[in-house]
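After this come two complexes, each holding chain A, first together with chain B and then together with chain C.
Then we have the complex of A and B:
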């Protein structure tokens, strides 16, 4: 019951937010609508008993990526005029997005129901951690990802430092 | 009882705690800062100036709620709530005693930190929507500092997690009651945590976000009345939450060494709150004695000192734990 109500509320919030992201003329407002979508998706994860994913969604997508998006919008606007994006209607973009929507909808409708193959109980946090860090689990992928991020971090430092001296 | 009613009562109780803390913190801040500066603080209204608080609340409630003419109305209105609501939600995870905690999920520490990462977005919205140079500069400084110190803050909360083997705040407290307070084995983390907490709540060594004579009131310059009140309530709430987190992670939470939870009984709450306010007192004394860091200095301290130190310390700490475990296993 509670889950159903939460799903309806969050689902509506996501649809409204996603719609606003693309229709709102003010770029900064669009960025904040994007954040609203991210928060609502985190709520959805939470009610699907995926607590860990919900927390990561909040920490990373809202806290970090959201901040990056907002800073980017702020830094790239030269004047208040840049805030308003032009409301140009593009037939090509309309058709392309319509086709994409049709393809995704077709895929969703045609694919076998996921409900049957879903596990009965959510995976406990302990099992999740053990899966992630065991040698026959995902530890290699985890290490590669962290190495990649470290390289990116070092590269960012190298790029931004003063190269005159 | 009806689960909806329970949830509602819990939320109201948290709100009450938050409001009481706000009132307490305002009075304490004035008195402590006053005495640190060799002043008296409020003295006129009521005993020891206590009723000054009521006057302030009335002022905040009845003041005109003004909007700057060219402000971004929609964001301007919503910004205080983006700051307030997540700060309010973090209170739910604080374990006041072995029974008194509003929400106790397995990952309560991580959840609390996740909610704490949202208020900077509201602060930024407030500064940007005000369309005022003071507010915008203040917001950029505040947010820059907060996201810089959030990473060392997260990392310095990890050693207690490693020792306790749990991300549940209650479990961390319980495991401290059977061993020692984690401030001893994790002293460097504790110090880093306090520094980052000072930044996250933008208090004096790092309050270039306001720097009164330069930026008026930073990101909140254009706000008045209760909207301003909400932002300040959230700031005091964050102050308490940081102190509560430090107490829970490093100073044994609601326990006292040598006294069992059963013997402590209802006094556990008092012990916890007393510990929190001692830490808040420490924060305020730091605020009263240290001078401001310059913006580029505190960014440098954050990225070039605290971040590498905390990463290296975590590796050293984890390795030491492993070695000790191996030695114990071998002996």
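Then we have the complex of A and C:
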């Protein structure tokens, strides 16, 4: 199972960081808080013995996506400060989000326990790689993912191209 | 002493992260802020996948595959989204979604 002390520390880091992401008015500071949340989530993966996913999280979210967001903030934000919505709308959004959380929590707590009885088989990266590239495994999804990334790259370049000249 | 938590606590943490992201999508005005909140929501989904793979299923392998491919999709989505933000900024000199009301009639 999951170490309780690590879970409490990482959980507080995730929740407080996420709350800062959505409430901090300076968009650049929100991007930094997003990096903090991504690192804390990677730590959570590590403590759930998904070390490979933790490393992928650090590489993709902190390394690639975070830097992309920060560059876009630097390019497009003139005032750095996000305007506030009227308080009534924020209150409405807060109530709607709270109701959704209450519904999810009710469902999770009321549902029967799903924990597997048998002990976990040790997870090896070797099996992961072999399954990923085997023809009766996930190789088709892998190829489709690479095609998706290529299409997204071309589309991003096309959209950001300067068409004035 | 070795305290542990059940998977329910992790699922509740992911649910809290998801609704915080939803709140951010609703209240943020800048398009980049909305994209950042969407990333919080996708992170909550990935925590759910890893948690169910680790605690509920016999082998966590399938949850790893789903999470890795979800990361690919989110990376593509964020790349396209930020490219659209830059394109809109180049046209309209704004990145706030409230100013983009040309279809309002």
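One rule holds for everything that comes next: the second predicted complex is superposed on the first by the 127 of 165 C-alpha atoms of A that agree within 3 Å, B and C clash if a C-alpha of one lies under 4 Å from a C-alpha of the other, contacts with A are read in each partner's own complex, and residues count from 1 in each chain.
Everything below uses one rule, namely that a contact is a pair of C-beta atoms (placed from the backbone, for glycine too) under 8 Å apart; a residue touches a chain by one contact, two chains touch by 3 or more.
Predicted model, so just to flag it, every value in this text is computed and none were measured.
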Which superposed partner A:127 touches (first chain B, second chain C, both, neither): second
Partner chain in contact with A:77 - chain B first, chain C second, else both or neither: second
Partner chain in contact with A:114 - chain B first, chain C second, else both or neither: second
Superposition-derived comparison: chain B or chain C, residues of chain A touched: C
First (chain B), second (chain C), both or neither touched by A:32: first
Partner chain(s) touched by A:105 [first = chain B, second = chain C, both, neither]: second
Contacts of A:152 with chain B and chain C, given as first, second, both or neither: second
Chain B versus chain C as contact partner of A:52, first or second or both or neither: both
Residues of chain A at both interfaces, chain B in one complex, chain C in the other: 52, 56, 64
Residues of chain C defined as touching chain A within the complex: 2-13, 15-24, 26-30, 32-33, 35-37, 39-40, 43, 46-47, 50-61, 63-65, 67-69, 71-80, 82-87, 89-90, 95-96
Complex interface listing, chain A residues touching chain C: 1-5, 7, 11, 14-15, 18-19, 21-22, 27, 30-31, 34, 37-38, 41, 44-45, 48-50, 52-53, 56-57, 60-61, 64-65, 68-69, 72-73, 75-77, 82-85, 89-90, 93-94, 96-98, 100-101, 104-105, 108-109, 114-116, 118, 120-121, 123, 127-128, 131-132, 138, 141, 145, 148-149, 151-153, 155-157, 159-160, 162
Residue numbers on chain A that touch chain B, as the complex places them: 26, 28-29, 32, 35, 39, 51-52, 55-56, 58-59, 62-64, 66-67, 70, 74, 125
List of chain B residues in touch with chain A within their complex: 72, 74-75, 105-107, 110-111, 113-115, 117-118, 120-121, 124-125, 128, 140, 143, 147, 150
